[in-house]
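Just below sit the structures, each encoded as C-alpha cells.
In the two complexes below, subunit A is the common chain; its partner is subunit B in one and subunit C in the other.
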Partner chain A sequence: MDAALIPKGVKRCPLPQFLGALTVVSVVLLWGVYAMLLCWLKGLNQTNMNNAYGFALWIWADLAVIALGGGAFFTGLLRYIIGKDELKNIINFAVLLGFICYSSALLILGIDVGQPLRGWFIFWHANVHSMLTEVAFCLTCYFFVLCIEYVPLVLENRQIDRVPFFHNLSHNMHEIMAVFAATGAFLSFFHQGSLGGVSGVLFARPFGFREHILIWPYTFFLFTWSAAACGPCFTILITKITEAISRKKLVKDNVIRLLAKIAGWMLLTYIFVKTIDTIYWAFVTAPSKGFVLNFFYTDNAFYGYWILFLEIVLCGWVPAFLLVVKKTRENNKLLWIAVFLGALGAMVNRWVMVLQVLAIPVLPFENWALYIPSWQEVATTILPVAYGIILVMISFRYMPIFPQEQELNPIEPPTPEVEPAAAADAEETPADEDPAAPEGDLQPAQA
Partner chain B sequence: MKKENAKRFGMVIDLDKCTGCGSCMVACMAENNVPFREDETDKLLSVAWMRVYKLTNGKAFPDADECFLPRPCQHCEGHHGHSPCVSVCPATATDYDASTGIVSQIYTRCFGCRYCMAACPYHVRLFNWWDPVWPDGMEKMLNPDVSVRMRGVVEKCSFCFHRYQLARQQADYEERGEVAENEYQTACTQGCPAGAIVFGDLNNPDHEVTRLAQPDLSHEGKSRNPKAFRLLERLGTNTKVYYLSSREWVRRLGDNYQVKAAQHQA
Partner chain C sequence: MLPFISFEWVSDTVHFVFHGALWYALSVLGMGMTYCIVKAAYDTIKGKAGDHH
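Here is the complex of A and B:
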C-alpha cells in the first residue's frame, strides 16, 4: 500500500507487519507521554527526587543521550572536514541518531525543569558564567544544525524528491553540508565540554570537582573526548541492531571497520587521559578537600569500587583494545561487544558524574543519599527511546538512509510484467556480489 | 555602594548554648512564609530554611555526648564573591550582593533547574515540590513583606533580607547613614530563647558578631577564635556563619579530617 514511498531498489516488510511493530512501540511512547503530562500538570512531586537529589535520572539520561549522539558531530567531522570519504555511507544514519538524541535531550530538559514555561529565561537572563547557559545555547543551536542535516534525508524520499524544488533544495543542501558539519563540530565541542563542566566546576562537591585549565575543568575536555569516542560506538551498535532486526547487511564492513578503528583510538587516548585524571583526582584533588578515595566507594548500599572498574576498565580499556587491534576489530562478535561496552562506558561515566556526585555526603554528619526513580521518571526516560525507535523505523522504511543497502541486498530480477525502464535499472545492480564481505567504494544513493 | 561602606552580614551560633529546641526553625518558617505539608515525615522533601542537626560523638555511656547544630544558609563568599551556587545558576536567579554579603534568590526568575542545589554542599537550597497550601485562615497570617513561592522554584534562607530593607528605609527616612545593630536582626536570632545566635555586620568591629567570630580577612575570614569554626572550611566556600564550641569533637565534625595532610593542619 505504501510501496510508492519506499526507496527504489530496496525491500521492506509488509505494511501490516510494520504497523504492528509501530503500534507496540507507540504504546510504550504513550505510556511515557502520560507520565510526562503528569509531571507537567502535577509537578516534580511525581518523581522520587528530593532536596539531596536535585539532579537524578533525567539529567543522567540527558547527558547520556548527548554523549551517544556525539557520533553525529564526530562522523560529520571525519566525513566532511577530515575527508574520510567512506563514511558517507554511514553519515546519514549517524545524523539521524544525533537528531534523535538531541531532540530527546531537549524534551527531557523540558520535563526536568520545575517551571517549563520559564525555560526561555535561560536565554533571556543568561548567566555567562554558568556551564548550563553554554549548554543551553550550544545544544539548541546544534539541534537546529542537526535539523538542517536531517532535512535533505527527508527530501530524498521518492515522492518528495519528484518535486523539482525539493530535489534541487536537497541537492544544494548536500553541497554545503560541510559548512554545517563544521558548525556542528564547533558547537558540539563546547556543549559536550560544558556538560562535563557542570560537575567539574562544583568546587564544594569534591567527588565531581576537577582542577582547571584556564576556566575549563578537566571534565570539560574529557566529556568532549568521550563523546567523540563513544558516540561512534553507539552509531555502529545501532547500525548493527538495525541490520539484525531487518535481517540484511546495510553498511559494508570496510566502512564499519574504519569508524570502529577511529573510535578505538579515540577511546584508547580518552581512557588513558581519564585514568590519569582519576589518579590525580584520587590522590591530589580529593585529599586537598579532606577526602580519601575509599570514602567515595564504601559504607553505602550501592556505590562500590565495582563502578570505577566498570567505567575505567571494563567499558574503557577493554573496548579500546578490542577496537584498536585489527584482529579483534574484524571479528564480528568482538566488535559487537566492543561497541556495546564503549557506548555503555559513556553512560556509566555520565551516571557517575551526575548521580554519584549527589549521593556522596559532603557534610561530615550527613549520610549517603541513595535514590530509586519513580515510575514516572522511568517512563519519561523510556519515552525518548520509544520515540527514537519510531523515528528510525519510519526513516529506514521511507528514506534512503543506507546508501549501500541496494547494492548489498539486490532484489530478485524483475518479472516480465515490470516496465522496461525498471528492468534496465535492476540489471545495473550487481546481483552476484558476496554480501558477507564486500569491499570498495560506492556512489551513495543521493539525489 | 563603595567598598568601604560594604557590609558583611554574618552569624555566630554558640553550640554550647543551643538546646535543640527548634525555636529558630519555627521563627524562620513563620517569618518567611515557608510552606509545609500535612505529612512532613520525609525531611528530604521538607522546606526548612533553618534546620537543626543532632550530632553525636559516637561513644558509649558514660562518654556519650551530643550537640545540636542549627544550619541556615551559610551565605558563602567563596573567593571574591564566587559562592558555589551563584555562578552556576544559568538564569541569574541568584546573586551575591557585595554590599551586604547576602546570597539572594529571585523566585520569579528561577525556572527550577536545581543546579544550585547540586552545587551547595550544605543542602540549604530547597525545591518547592508542591504548591504551598496553607491551612484555612492561615493565609491571613502570612508575612506581607515576604513573597510566597510557587511550585517548581528553589528557595533558601535570605538572612531575613526584607528586614534589612525595612531598617534601611527607616534609617534613610530619618536621615541616618547607618542601620543600627539591633535594627536588623534575623527571625531565628530573635527566636532563640538561649541567645545562642548572634547576628550582625562582620565588617563592623563594634558588632557582637565580629567580636565573637574574630574573622581574619587576610585569610578569607578564617576565625582567630580558637573555639570557632565554619562548616567545610577547607572547600574554600568562605562562609559567614561561624559556630562556637568548647568541645573539640564538635569542632572537628565541622569539616572532613580524613587525610594525614589535614591532620597536620589541624
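Here is the complex of A and C:
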C-alpha cells in the first residue's frame, strides 16, 4: 500500500507488520504522554524531586541523551570538516540519532521546567553568569542545525523528491552542509562542556568540584571529550541493533571500523585524562576541602566503589582497548560489547555527576539523600525512547538513511514460473525495485 | 535576547559576548537557509535540477 513511498531498490516488511510494531511502541509512548500531561496539569508534585534533588532523573536523562547524541556533531565534524569521506555512509543515521536525542532533551526540559510556557524566559532574561544559559542557547541553536541536517533526508523521500523545488532545496542544502556542520560542531563543543561545567563549579559540593583552567573546570573539557568518544559508540550500537532487527547489513564493515577506531582513540585518551582527573580530585582537591575519598563511597545503601569501577574501568578502559586494538575491533561480538560499554559509560558518568553529587551530604549533620523516581518520572523518561524508536522506524522505512543498503542487499529478480523467453525479457527490463535501473542520475541514497 | 527592547535591561560586556555569539550562530543558520531556499526557487523557475546531492 505504501510501496510508492519506500526508497527504490530496497525491501521493507509488509505494511501491516510495520503498523503492528508501530502500535506496540505507540502504547509505551502514550503512557509517557499521559505522565507528561499529569506533570503539566497537576505540577511537579507528581515527581519525587525535593529540596535535595532539584536535578533528578530527568536531568540525568537529559545529559545522557545529549552525550549520546554527540555522535552527530562529531561524525559531522569528521565527515565535513576533517574530510573522512567514508563516513558519508553513516552520517545520515548519526544525524537522525542526534535529532532524536536533542529533540528528546528539549522535550524533557519542557516537562522539567514545570511551566513550559515560560521556557522563553531563559532567552529573554538570560542570566549570563550561569553555565546553563550557554547550554540553553547552544542547545536550541544546535537543535536548529540538526533540523536543517535532517530536512534533506525527508526531502529525499521518493515522492517528495519528485517535486522540483524540494529536489533543488535538498541539493542546495547538501552543497553547503559543511557550513551547518561547522556551526553545529562549534555549538556542541560549548554546550557539552557547559553541562560538565555545572557540576565542576559547585565549590560547596566537593564531589563534583574540580580545579579550573581560567573559568572552565576540568569537567567542562571532560564532558565534551566523552561526548565525542561515546556518541559514535552509540551511533554504531544503534546501527548494529537496526541491522539485527531488519536482518540486513546496512553499513559496510570498513565504515563501522573506521568510526569504531576513531571512537576508540577518543575513548582511550578521554579515560586516560579522566583517570588522572579522578586521582588528582581524590588525593588533592577533595582533601583540600576536608574530605577523604572513602567518605564518597561508604555509609550509604547504594553508592559504593563499584560505581567508580563501573565508570572508569568497565565502561572506560575496557571498551577503549577493545576499540583501539585492531583484532578485537574487527571481531563482531567484541565490537558489540565495546560500543555498548562505551555508550553505557557516558550514561554512568552523567548519573554520577548529576545524582551522586546531590546524594552526598555536604553538612556534618546531614545524611545521604537517596532518591527513587516516581512512576511519572520513569514514564516521561521512557517516552523519548519510544519516540526515538518510532522515528527510527519511520525514517528507515521511508527515507534513504543508509546509502549502502541497496548495494549490500541486492534484490534478486523474481524467479517466476514463466517461459524462458519471458524471463529473458524481464531481465532486460528490470522491475521498479531493481537497483540497477537506469535512472539517468543518482538515487538520493547514492548521493 | 533582544536587550534593547527590555526597558529594565542593563547590558554589560558579558551580555554582548553571549548574545553576540547567539545571534552570530542564528545569523549563519538563517542566512544559510535563506540562500538554499532562494536558490532552490530560482533554480526551479529556471528549470534547473541538481543532478546529485
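One rule holds for everything that comes next: the second predicted complex is superposed on the first by the 413 of 447 C-alpha atoms of A that agree within 3 Å, B and C clash if a C-alpha of one lies under 4 Å from a C-alpha of the other, contacts with A are read in each partner's own complex, and residues count from 1 in each chain.
Following the convention adopted for this analysis, contacts are C-beta pairs under 8 Å (C-beta built on N, C-alpha and C of every residue); 3 or more make two chains touch, one makes a residue touch a chain.
Remember, it's a predicted structure, so these values are computed and weren't measured experimentally.
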| item | value |
| --- | --- |
| First, second, both or neither for A:41, with subunit B first and subunit C second | neither |
| Subunit B versus subunit C as contact partner of A:3, first or second or both or neither | neither |
| First (subunit B), second (subunit C), both or neither touched by A:215 | neither |
| First (subunit B), second (subunit C), both or neither touched by A:301 | neither |
| Subunit A residues touched - subunit C or subunit B, whichever exceeds | B |
| Which superposed partner A:113 touches (first subunit B, second subunit C, both, neither) | first |
| Partner chain(s) touched by A:133 [first = subunit B, second = subunit C, both, neither] | both |
| Overlap of the subunit B and subunit C footprints on subunit A, listed as residue numbers | 124-126, 129, 133 |
| Touch list for subunit C against partner subunit A, complex | 1-2, 6, 14-15, 17-19, 21-22, 25-26, 28-29, 32-33, 35-37, 39-41, 43-44, 48-53 |
| Footprint of subunit B on subunit A - complex, ascending | 43-45, 49-55, 112-116, 118-119, 121-122, 124-127, 129-133, 136, 198-199, 201-206, 287-292, 295, 357-358, 362-366, 369 |
| Sites on subunit B touched by subunit A in the complex | 42, 44-46, 53, 55, 69, 76, 78, 84, 87-93, 109-115, 117-123, 125-131, 150-154, 231-232, 234-237, 253-259, 261-262 |
| For the subunit A and subunit C complex, residues of the former touching the latter | 123-126, 128-129, 133-134, 137-138, 141, 144-145, 148, 152, 156, 164-176, 179-180, 183, 186-187, 441-442, 444, 447 |
